[in-house]
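Chain IDs A, B, C, D and E follow the sequence of writing; residue 1 opens each chain.
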Amino acid sequence: MLKVDNLNQYYGGSHILRGLSFEVPVGKVTTLLGRNGVGKTTLLKTLMGLVPAASGTIHFGAQDITRAPSYNRVRAGIGYVPQGREIFPRLSVEENLLMGLATQPRGSSIPQRIFDMFPVLKQMMGRRGGDLSGGQQQQLAIGRALAFGPKLLILDEPTEGIQPSIIKDIERAIRSLAATGEMAILLVEQYYDFARALSDQYLVMERGEIVMRGEGANMDADGVREALAV
Amino acid sequence: ADTIKVGILHSLSGTMAISETALKNVALMTIEEINAKGGVMGKKLEPVVVDPASNWPLFAEKARQLVAQDKVAAVFGCWTSVSRKSVNPVFKELNGLLFYPVQYEGEELEKNVFYTGAAPNQQAIPAVEYLMSAEGGSAKRFVLLGTDYVYPRTTNKILRAFLKSKGVADADIMEDYTPFGHSDYQTIIANIKKFASEGKKTAVISTINGDSNVPFYKELGNAGLKATDVPVVAFSVGEEELRGVDTKPLVGHLAAWNYFMTVKNPENTAFIKKYKDWAKKNGVPNADTVVTNDPMEATYVGIYMWKQAVEKAKSTDTDKVIAALGGQTFKAPSGFTLTMDKTNHHLHKPVFIGEVRADGQFDVVWKTKEPIRAQPWSPFIPGNEGKQGL
Amino acid sequence: MEPAMNRLLLRLALLFASLACLALPARAALDPALVAGFAGDFNSRVAAIEALGVEGSAEARALLDAVEAGNLGVAADKVVVIDGDAVKDAASGEALQIPADEVETITVNNRIRRALATAHAALALSAESAADRLAAANTLTENTSESLLPLFERTLAGEKDEAVRGVLSRAVARVNLGSADAAKRLKAAEALGESSDPAVKNMLAALLEKRGEGKDASWAEPDAEVRAAAEASIKAIDRRIATAQAVGTVFSGLSLGSILLLAALGLAITYGVMGIINMAHGELLMVGAYATFLVQGLFRSYLPAYLDWYVVAAIPVAFFAAALVGVAMERLVLRHLYGRPLESLLATWGLSLVLIQAARVVFGPQNLELANPGWMSGGMELAAGVVLPYNRIVIIGFAVFVLVLIWLMMQKTRLGMFVRAVTQNRPMAGCVGVPTARVDTLAFAIGSGVAGLGGLALSQIANVGPAMGQGYIVDAFMVVVLGGVGQLAGAVWAALGLGIVAKFLEGWAGAVIAKILVLVFIIVFIQKRPQGIFALKGRFADS
Amino acid sequence: MTETTELERRARAFAEAGGRENWEGAAATGHVATGELDLSHNVILYLDDITVSFDGFRALNKLSLTIDAGELRCIIGPNGAGKTTMMDVITGKTRPDEGKAFFGQTLDLTRMTEPEIAHAGIGRKFQKPTIFENHSAFENLELAMKADKRVRRTLFASLFDDERDRIADVLKQIRLDKFADRSAGLLSHGQKQWLEIGMLLMQEPKLLLLDEPVAGMTDDETERTAELFVSLAGKHSLMVVEHDMAFVEALGGKVTVLCEGSVLAEGDLATVQADSRVIEVYLGR
Amino acid sequence: MRTPFTVRLFQSMPKTGWVALAIFAVVACVGVPVAHLALPEGHALHLSAYTVSLLGKILCYMVVAVAMDLIWGYAGILSLGHGLFFALGGYAFGMYLMRQIGRDGSYQSDLPDFMVFLDWKELPWYWAGSDSFLWALFLAMALPGLVAFVFGYFAFRSRIKGVYFSIITQALTYAAMLLFFRNETGFGGNNGFTDFKRILGYSITSPEMRATLFALSALLLIACLVLGRYLVSSRFGRVLAAIRDAESRVMFIGYNPLHYKLFMWTLSAVLCGLAGALYVPQVGIINPSEMSPANSIEIAVWVAVGGRGTLVGAVLGAGIVNLAKSFFTVTVPEYWPFFLGFLFIAVTLYLPDGVVGLWRKLRARKGPDSAAAAPAATAAPVGEAAPETTVAKGATA
């Protein structure tokens, strides 16, 4: 579904992503792990077109989206849950969710499954996004990305600030989404147990490079936990 | 040098551009005309145009530049009093020569300045006398309305004293001021209406500054204050200002000047034609509808008087020209022969009262028989007794 | 029955007379004494005109028209009329052997015009339409004199229309107030209670004046009954005046508010919602006004019959002209400045300089003339001379219209939501699929277009010139900010509030002090509400 | 494993340094308008019946809570339970509609401004990392450093050598020594979290409020953080909000569960985890 | 243990900066007077009265720009009312200048002309002491300072921020302008003060006085720069910048933003006042239009052109804009707004950090080892020196 080839990225003088290549297959959960500051978020931002790629290519399906503007990537079917929530603070919860339908035809309504997953959003429909608590905002951000039924879902530390019971719900939801076989999921996570429970395939990043990769089931065996702990 | 430089110091941008641009045009036209006739003492005039941008300190800076750097023989310029006040010290210090073409409040006399516009007694007082006459409607009450700055305040002070001398009680005078750029005259016009409806014949004397006139007159028209009921006489509204107003509802309101475009005489016909041709030739916007007005005439007269004085003095030396200027005469577009007063640097000027016509021009309804001598130090201001020339 | 008959006869006579006028070069002569006054001094001319009005014959009318046209004059001590090249004796209509340019015509000035108006009104008292008669009666009331009394009484006898009767009987009462007959005075004083004219009030008040002191005290009006009636009438008049004036003040406040609002609404979008400090906003107003001017010009040359509707036709033109300029600004300059609001201040300041100067070079530095169409001219007269001008009423309505439009656009459409989202978090808006660049352009175009509409409205009230925008930019920013940035409702309250406060202060302290006080008021108000009237509350507000 | 002990040592050294009164005249500043911290009853924070509502919604509902001096308290609770709001109340950002909030015996938090509260000794780490984005990491720590923070002093302030050392120490501790000169805005999310913790350490507050300090950290770092906090306890009092149960466990203190604006349960982690209401609303099955 | 104050003051500016300032001081205090007074008119290096007063005026503007930059660039408070403080300083000193006219006015009275003319019989109370030079100088600082302090105290205490603050400063200067326009206010109405004759008894039009005023303006600018440099590089400056970026966070670490903002705000106003006091005798007029909102916006524009947040930038910006204006209004009097307008647009589009930003960029390009090396080193990724960084430079926008 998503194919990244030899991607490079710089901030000013520093080389953040160094020749990354990997694939995110459809129907599977791919997790990306790595310590703080190794460039995970930068990678996702590059995938979303928030920062331009210096070199390398990004393909989504058959489409080369390396230079496409963000909104065209979304049109193509990529949903994004950014790190730090990034909801629209002065829009109501409802409007925030409707924003998730920006690429859909006028008048489309918010799918019920979002409220099933995050009942609190239903309760707080009229409240402004910025007034929500941290965890509620995070739920809103996930709900927003899921609203239009993306083909590829990119999640940057989605469990941050969310209460344990809902993390479990999210876990179940992601698994079921992947299980439909129509969606590819790229998950950046620090929370090892969560990542391991979901991974079909994992990548470990260090200093802008992918240093380990493998099957999700082998994560313990491959010593991923230790690799993250240096 | 084989040319004589003259400076033109009028704002071409900022708030005053609206009025001053035309003066720059007329000055350039006059200079061209003089050059076409062989120049001054055989030398061509070379205009130096600068833009002081309606910024008073910049006026002083530009004046200094014209006189000290460009060494111009004379400067034609300024409109507002404050711009003149700003450049006065410069002309004094450098012994330059300024021709100031706009009607003003008086209370000033500078050796280096020649005033070709009207002093209050050449405009305001005749106008009020007219309003009080049977012909003018025998006004008994007066509204003195102006923009809040020196010219209106001074003029109204003089007028108040004048009215008092004519037996008008204080209760029959209402004085009101608006800030610069004021554009909402609802309250003021309502007040005028109220004041006027109390029984006695009322007239309004307006010294409202250029920009506020359009909203003022529009409101006047729509509020139904007709000239036949409450005439408004204005001292800073001329043909140029009325270009921005639909004058149909304003027919009959008045203005007092020393020149109107509608004055009929050969000099004026020629003057208007020259200016229209010049405007067309030089691509002035809306050249087919350009108008002439009093300060333009004053500019024109000023330049010619200077030329005559230079030729008389056979030099452009400031002191010699100043000496030669006194007593110069010139047959002006107003149809009168104007004389530069020997002692007070002001022109003897005729006064016209005009009523607004539907086409934005003025019908002259009254005029003086002779040019009047200026009294820059108004006798209606205490302490001015005995002040005359320089 | 009888008056109607009279009028019919009169009209027939008039018809006949005018036909006769057309048919025969010679006409019935006027009494030369009536005309002689024109040869005299100013006052006698005025008297002559009034006399002609009372006389009322077709010849008199014709002569009055000649005066108005400036064709009546004096030559060789004779009062003459210029008719083309011919010069005729005014009274007899005989042709005279005097060249037209030797005639010294009578200057028509205000005084003459007023006399003419009275004369015409006197004539119009017998007009067919009640409205015309009412207008005539009103005109006459303002200039009553003893000499008109017979005319009034004659007309009153035959008049049916209540309004006209009311006006006329008050006019009679005004004259009768000076009558020697106490009963007449009493009736007059009572009748005048119906008036709402301050002049009448002054007349009544004069009756109550006391002369002298103590025992010698005498009243201007000796009859106590008349005095009491006058007192009552004064109270009634005062009440009427006071209400009318309060209504007038509130109206002017509303009107000023609606103008402030129109000047600020565009900015409420470009700045309030999009966050661009648009110093060129005033120039967008100017573009709208100039577009209106051009439309007026087109109508004048091509559709003069519909000239009165040019303002309506200008609505889309002003909107799109300003929107187009807005699009150009956005595409060429502002596009590169999102997220750098302070830089937008600098760039738009530059744009403003350029636009002003461009207007100056293309259209000249003077103000342009924009006429109120007929249906926007004049005003609705409340009591006591308080007039609500139609142009202001229309503009208040227009402000409401534009406001509703914008409100719907911002709150009820997806575009509005997108615009708000883009300004709150531009990168993220892109990441949910909003074409941010297009939304920006569109939103800026709409904001600019609304500014153009503001310009259109302003052109009906105030100056249209290159620098017109400069006069509004400060006020516009104050309105938007006082209301609370990004809060349309806030802008509305702020504009209306400022308008009404300004008008009440102005009535109390004069325009200059009022303006200063309004500014001080803004400063103090913001202390209480540091985020404007409609402050954003909530945890994100301070971050 | 040597590194862990090293960290411990550093943290402990640090905690000791906190006791040193090295800035001139904290008492003389006049900043603390309401007097000095009084711990005579061994209670550092006392909340009683606090109610906060937003447009009718009760975010805190008669919340009462006390924290002892030197205690390390964990607060857990569902999203939207009011944990952050409670911290807002304590730091003066939000004024409660009702209820009392005291710092020690004498300082009425509801009457003090934010700087006064900070000065009195309450430091806070926000849920969303808030640091000075345009300042370098070093400067962020310098600004946070315990010092006389009035204008007159700040104008002429410069770093003493030992202050400089202390900043360097903390930088190392939060693993940002290599980023000392980088603008904080350019740090990654996790690095910002650390920086904010560093600022808190520099501030040497008596009571630390930590809102989700380990969000976005790796498990390994979470452990380190826990160790750091444990070592700070005793000398300082800490209130930690977290959703990471492993972390809460590592901290080992008393746990309070908030729900819908009031205390649902309190006790050690095991008890709380066994509470069916807690499982219902928070932990899930 | 702790670096002494003088050393820190010295360190607050790079050596080149000190050298430049020293050169500037010598040129302004020795070079210009010599070129103006001693060299004959035809001499190539002669500076005419016009040039000296033009440059003197611009120096005053530069001081204002620096004051503006201190409050806007470093404290993030955009004032749209700085023209007021400038004008207040000008008026305060102008009062002295009016008194120095003595009986040489056109009414030969002890009162200033406009008062005679308006029938004032004696000086109003607020003119008391205006005949003293020192009092005037004190007033030129105290008046704007006091106004700024009171206004700032209430505004900052109410936590008025951002554009809300900007707009009320605009309202303030606008209100003051209208007030000063009134004749009754006692400051000469629209005409303001003009026709000055002397300072301390010396003729104001003498070349010596002109050179002196010029040198004083230059010294004031230097003092401002040194003071500004010290302030922004001190901890005080860092707190201020922190307040600019995250005010509430600053409160939570114990600083009271009110005091910090108020200090800088008042200081900035005082500097403006001093600049105004030096400006008035050099241009010969002070009138209320100096308080017009547009003038204050222009001050912000100078700073933006030069580069906000760098003191040199402010100086350059004020210089460039005003010289350009003086130049264009003469060479292309009818079109100069186009030139200036496009200049502003171009600066925003192509020089996001103003002129200074451009200069830095150029320098960075010229000498990668000097200027670029420093940021590259700090920008190294986690736990690594920067072997590749120089290669990668400029790869992203």
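Please note the rule applied: a contact is a pair of C-beta atoms (placed from the backbone, for glycine too) under 8 Å apart; a residue touches a chain by one contact, two chains touch by 3 or more.
What you see is a predicted model; the values in this text were computed from it and never measured.
When C-beta pairs in contact are tallied for each pair of chains, B-C comes out on top. Averaging C-alpha coordinates per chain and comparing to subunit E, the farthest chain turns out to be A.
Taking the mean of each chain's C-alpha atoms, the chain closest to the overall C-alpha centroid is E. Relative to subunit C, the chain whose mean Cα position lies farthest away is D.
Inter-chain spacing, taken between the CA centroids of subunit C and subunit E, is 46 Å. Subunit D has its Cα centroid 30 Å from the Cα centroid of subunit A.
Averaging C-alpha coordinates per chain places the centre of subunit D 43 Å away from that of subunit E. The distance from the centre of subunit A to the centre of subunit C, with each centre set as the mean of the Cα atoms, comes to 64 Å. Counting partner chains per residue, subunit E shows two or more touched chains at residues 178, 181-182, 248, 334, 337, 379-380, 382-383. In subunit B, the residues that reach two or more other chains under the touch definition are 12-13, 148, 179. Each of the following residues of subunit A touches two or more other chains: 11, 35, 37-38, 131. Interface residues of subunit D facing subunit A in the complex, by the touch rule stated above, are 54, 57, 77-81, 83-85, 127-128, 186-191, 193-194, 211-212, 215-221, 243-245, 281-285. On the side of subunit D, the complex with subunit E involves touching residues 31, 91, 93, 113-115, 118-119, 123-124, 126, 130-136, 139, 142-144, 149-151, 154-162, 178-179, 181-182, 186, 199, 203. Residues 12-13, 49-53, 55-58, 60-62, 64-65, 68-69, 80-82, 85-86, 88-90, 93, 107-109, 148-150, 153-154, 179-180, 381-383 of subunit B are the ones that touch subunit E when the two sit in their complex.
On the side of subunit C, the complex with subunit B involves touching residues 41-43, 107-111, 113-114, 117, 142, 197-199, 202-203, 245, 248-249, 252, 255-256, 259, 356-357, 360-372, 377-379, 381, 384-387, 389-392, 460-467, 470-471, 502-503, 506-507, 510-512, 515. Remark: subunit E residues 1-3, 5, 8, 231, 234-236, 238-239, 241-242, 245-246, 248-257, 259-260, 263, 378-380, 382-383 touch subunit D in the complex.
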